[in-house]
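Okay, so chain A shows up in both of these, paired with chain B first and chain C after.
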Partner chain A sequence: MTNLTRRTFLGAGTALGTSFVTGGLITGGLSRTAYAQSAEITVTAFGGVWEKAVRDCFVAPFEAKTHDKANVSLGDPAQWLAQVEANPARPPLDVLIMTPDLALSAAKAGLVDDFTVDKLPNLAKIPKELTDSVMGKGTIFDYGVGGITYNKKTVSNPPKSFAEFVDRVSSGEFVASVPSISYAVTPIMLIWAMAKALGGGVDNVDPFFKAMAKMKDNLVFWGSPNDFFNQLSSGEADLGVYFDGRTWNHYDSGATWIDFLNPEEGGALNGVAVQKPKNANPAAWAYLNEILDAGNQAKFAEILNYGVTNTDVVYSDKLKPRVTPWQKTSFPPYEQIAKVRNEWVDRWNREIGR
Partner chain B sequence: MKRPALLVLPAALFLLAFFVIPLIDNGMRSFEDGDGGLTLSRYVQLMTDRFYLRVIGETVLLSAGVTVISALIGYPVAYFLVRKAGKWSGFVIFLLIAPLMTSIIMRTFGWQVLFARKGLVNNLLIDQLGLITRPLRVLNTPELVIAALVHVLVPFMVLSISSVLQGVDRRLEESAQMLGAGPFRTFWEVTFPLTLDGIGTGAILVFMIANGSFVTLILLGGGLQTLPLLIYQQFNTTRDFGMASAMSTILLVIAVFCLWLQLRLVRRRGA
Partner chain C sequence: MSMVRRIDWSFFALLAFVVVFFVFMLAPILVVVIVSFTSAGFIAFPVPGWSTKWFAHIFQYKPFVDALIVSIEIAIGATILAGLLGVPACLFLARSRSRWAGAVMTFLLSPLSMPMIVIGFASLFFLSFLGFGVSFAALLITHTVVCLPYLVRTVAGVYAGLPRSYEESASILGAGPLRVFWHVTLPLIRPGIMAGSLFSFLTSFDNLPISYFFGSASTNTLPVVMLSYMENQFDPTIAALSTLQMALAVVGLIVVDRIYGIDKMTVAA
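For the complex of A and B:
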């Protein structure tokens, strides 16, 4: 009741203001109707090379085949989900790129459509586990591994496992950079992955917090992936927990001093899920089918250096040694992690504090 | 009489749509319990849990520290700008606002290049001058966060003080000196009190901007935990929008309190 009142109040007030200030109420309504008639959809992408890859590998073939138009909205999954939550009856986005935990939130909230082979023929080529991991309301189409990235100039003999990583950083042999708690997937790629590697798991993350306490004098934190690269290139850190694909992108851009290894315990799989909001333009199905296409995914992987999930994809010789098969990663129990994530974040704030 | 009211209508409607209404929505969200009822639990937690009290305290202390340092650095610069710079005043102002002309990301990266463990400063001290043997740990310290914030916010203090200093009647200072006061006493008992309003305005500006600063803190870290960082975390990591709303309301209350202080200062001067 309160929620409805607040939303009604907010919606009416905002509409009133915007209509006066920009004339946007009528224009906005008309343009949305126009999208539906001309099958113009809005899809999502992260910025930088990701955006270019999305345009080249998915938007271009979609537009060529359907003669519909796909606009690309840049941002991040938390923002996109909030946009759909704010207006589920008329979502402003037709295709969502999500982290699996947010994809699960969207699925549980009933905000997204079921993925079936009827609507998406290419879904048949995606391993069932990857679709089941988001309750069948989306699927994982791309993934990276959170492993150990290091500077070859300062780390000639890198730690081969998370356990060795903790021991050698604790002893002061290296300064390590790990993601800060403000980074959305830190609970998965660091807390869960390291806890599991050190003998814990979802129900017991004490080993992780003990390890962080041991390493604290030799740790720095990165808030965004580019921070990590800056820290490594400026010499602030020698190594750290980072993604394989981004590491190879830096390498290909000329930072040939950088290297990556998947720790013996298996780095966490960081999947990227794709979903369609309920009430989104049905033309989005054709776009989603392009995302799941083997040829398009192979091209996407070649640009981003990340693994993709269509089983027909054949990686190039350059990519083969770089991509870790998803079966050799630690597959996170996203649903269980989602239940305890806030407790972990609170504990991090109190014990680690940055 | 009607025409001036019409002139402010677009701005008023803009503020209504994009500031007042979202602000009310934000406030109401902080009281929702998720089941359609109302709750004060978030505010109780924020105001009683020692962790959150420490975060609020750290937010206020950081802003206050940055304000005091900006005033200490800014006053002499403003004095030089108004009284000594002469034809160079335009150049000094350019130097002052130059940091604001570059992206905050680039400025922050600049600090990283300078003070990294193997950055320019440590390389100079270790390899070139041989003054130290182990690199100084400067990055990711509260001191560097404060330095970075002061670097950006000093211009606000200088410009606020100099605009008031420019209006100080020099005859009052001359009268004090004719009555036997030395330069220091003249400054302390005449000039400085007359510029308190500029310091007050600059302090409010600097305090409020520092209070809501986010990018510098998230990039330079420093182990500081402030409300803006936790608000971002509630949105990005935990998706607890109600808690984020409550935190932002408290941040707003701190800002409003500062505005009230400024108004009090101005009224006192007017009286």
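For the complex of A and C:
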């Protein structure tokens, strides 16, 4: 009798599980049918003020003009790329926001569509270099610069170049905070940018590793942007390598002791690319065109304190001195960096270890 | 000299260790709680002034509220499904003499030994292949998989320790299988179910590595939205949200203790 009870329950569990699986399949099928029949697209955004800016600057004009609906999915590029890779025939996302290295991965894997002026009239106003940097399968619409952020209370005369930064940190004049290797864009904003500034480049990052060895006694590392701010506000570090837009966001939040400068050699441009997955809803083109619109980009820049790429954009008086023109940055060779990235990470782990 | 001999140094050493241990454990949490009440627009310690505006901001930021609802739905759903699948499995496997029983039990517990990020990544591709895509159903299935071991482990532990004679006595006295289960087995394994359900709910509610891969406009859970927010925003809203979560957890535990008794559950676990 007892065995029968167990078997009954085991059977009931199996039946429920089967029902659940079947129900899920049906539900999944229904949801996709509904999706195909409605003019709804799913777009992507980072959380916080980014999401608000995306809704205000891009989603609102898109919905007003097309009467279609754009749902906003929060997350990050690695997550979105994995979701599209897993569902290439029916991508769950219609517009991707990507870092350039992942945008290149998506382009090389054939997961995303070509960007052309036929489909995107506003693409004509985006510098060609920024579209070419992701193989023409997307474009960079927004960018930050990895330069020198410092605490004005402790650094009255900041270093004007990466070379001066290295010398003065090595001598013990300052404690500097730099991104750790766990931060996704460290190979670009720190390793490549500093190697290039010190006479090296993609093929020769020895100058960077030598500089790190010289500075090692006066370095701390940040794993996430918030760590950097905490280190600066607590006095653990005096200055460091950080982004312009984030610096100005801190300033506008009340941390008026913080300041930023683009080093003479040019800080690395950290672009944000937009892409459209293959087989995504064609309504996404209209949304992408709104992203590349000058008026919408100007509004977006005003909220986020980052530079945008439409050549017709006119920045406000507040923003003009804050935004570094992309031509004054060091434009990373993303594709070449992607090839040697793992090698750099290995070397970092061996020689720096943090 | 006799005074010195009477001092129990081991007691003071243990006391010092306990104090340091608790400071080490609680100080970071205390800092988060204090920072959540700051008036500043950024995270800084010590705080320049006091305000509750960051708690209000939690409810003003719609993705937090939407994600909280999804997290609760998934955690409850995954716990119920894990119970429906796991409890019958335990009843069968805990006393089975089959040589496969041990292997099946190990298989059911195996998600515990795998990195969650691997389960999440693999499930994304597998469930997409099956047609679930990035959906609520896919998220629920994957959460159920990782919640299952918590229920199986606790219920199997309790059930294996029960003498067979209880159920056999009920059967001899004429109770049918369902009555035996309802009146004898279920009350006896209830501490295991409660403990497993609590672990299961908390595991699902706090899960990031799996939810991360299934996040979409309608299925983002609270940890995914918190991560995305934290990477791009510097205000103390996340500290306020963490404080609120801790407060809810404490209130929840007090309520469970009053209704059921934490002691019974921890004994089962």
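One rule holds in what follows: the second predicted complex is superposed on the first by the 332 of 354 C-alpha atoms of A that agree within 3 Å, B and C clash if a C-alpha of one lies under 4 Å from a C-alpha of the other, contacts with A are read in each partner's own complex, and residues count from 1 in each chain.
As a working rule, a residue touches a chain if its C-beta (ideal position, glycine included) is under 8 Å from a C-beta of that chain, and two chains touch if they have at least 3 such contacts.
Since we're looking at a predicted model, the values are computed, not measured.
A simple residue count on chain A separates chain B from chain C, and the partner touching more is C. When the shared chain is aligned, chain B comes close enough to touch A:S105, but chain C does not. In the superposed pair of complexes, A:N349 makes contact with chain B only, with no contact to chain C. Contact with both chain B and chain C is seen for A:N230 once the two complexes are overlaid on the shared chain.
Touch criterion not met for A:V314: it reaches neither chain B nor chain C.
Using the contact criterion defined above for the overlaid structures, shared-chain residue A:P187 touches chain B, although it does not reach chain C.
After overlaying the two complexes on the shared chain, residue contacts for A:A64 are found with neither chain B nor chain C. Touch criterion met: A:V220 reaches chain B, while chain C stays clear of it.
Across the two superposed structures, the residue set of chain A contacted by chain B and also by chain C is 1-2, 6, 9-10, 13, 16-17, 20-21, 76, 82, 230, 234. Across the complex, chain A is touched by residues 40-45, 63, 81, 84-89, 91-92, 95, 121, 124-125, 128-138, 140-141, 164, 167-168, 171, 176-178, 180-181, 185, 212-213, 215-218, 220, 224-235 of chain C. Of all residues in chain A, only 1-3, 6, 9-10, 13-14, 16-18, 20-21, 76, 78, 82, 102, 105, 175, 180-184, 186-187, 220-221, 223, 227, 230-231, 234-237, 341-342, 345, 349-350, 353-354 touch chain B in the complex they form. On chain B, the positions that touch chain A within their shared complex are 10, 13-14, 16-18, 21-22, 24-25, 28-29, 32, 36-38, 51, 109, 112-113, 116-119, 139-140, 218-219, 221-225, 229-230, 232-233, 235-241.
By the touch criterion given at the top, residues 1-2, 4-13, 16-17, 20-21, 23-25, 27-29, 31-32, 42, 46-51, 71-76, 79, 82-83, 85-87, 90, 92-93, 224-226, 229-230, 233-234, 246, 249-250, 253-255 of chain A touch chain C in their complex.
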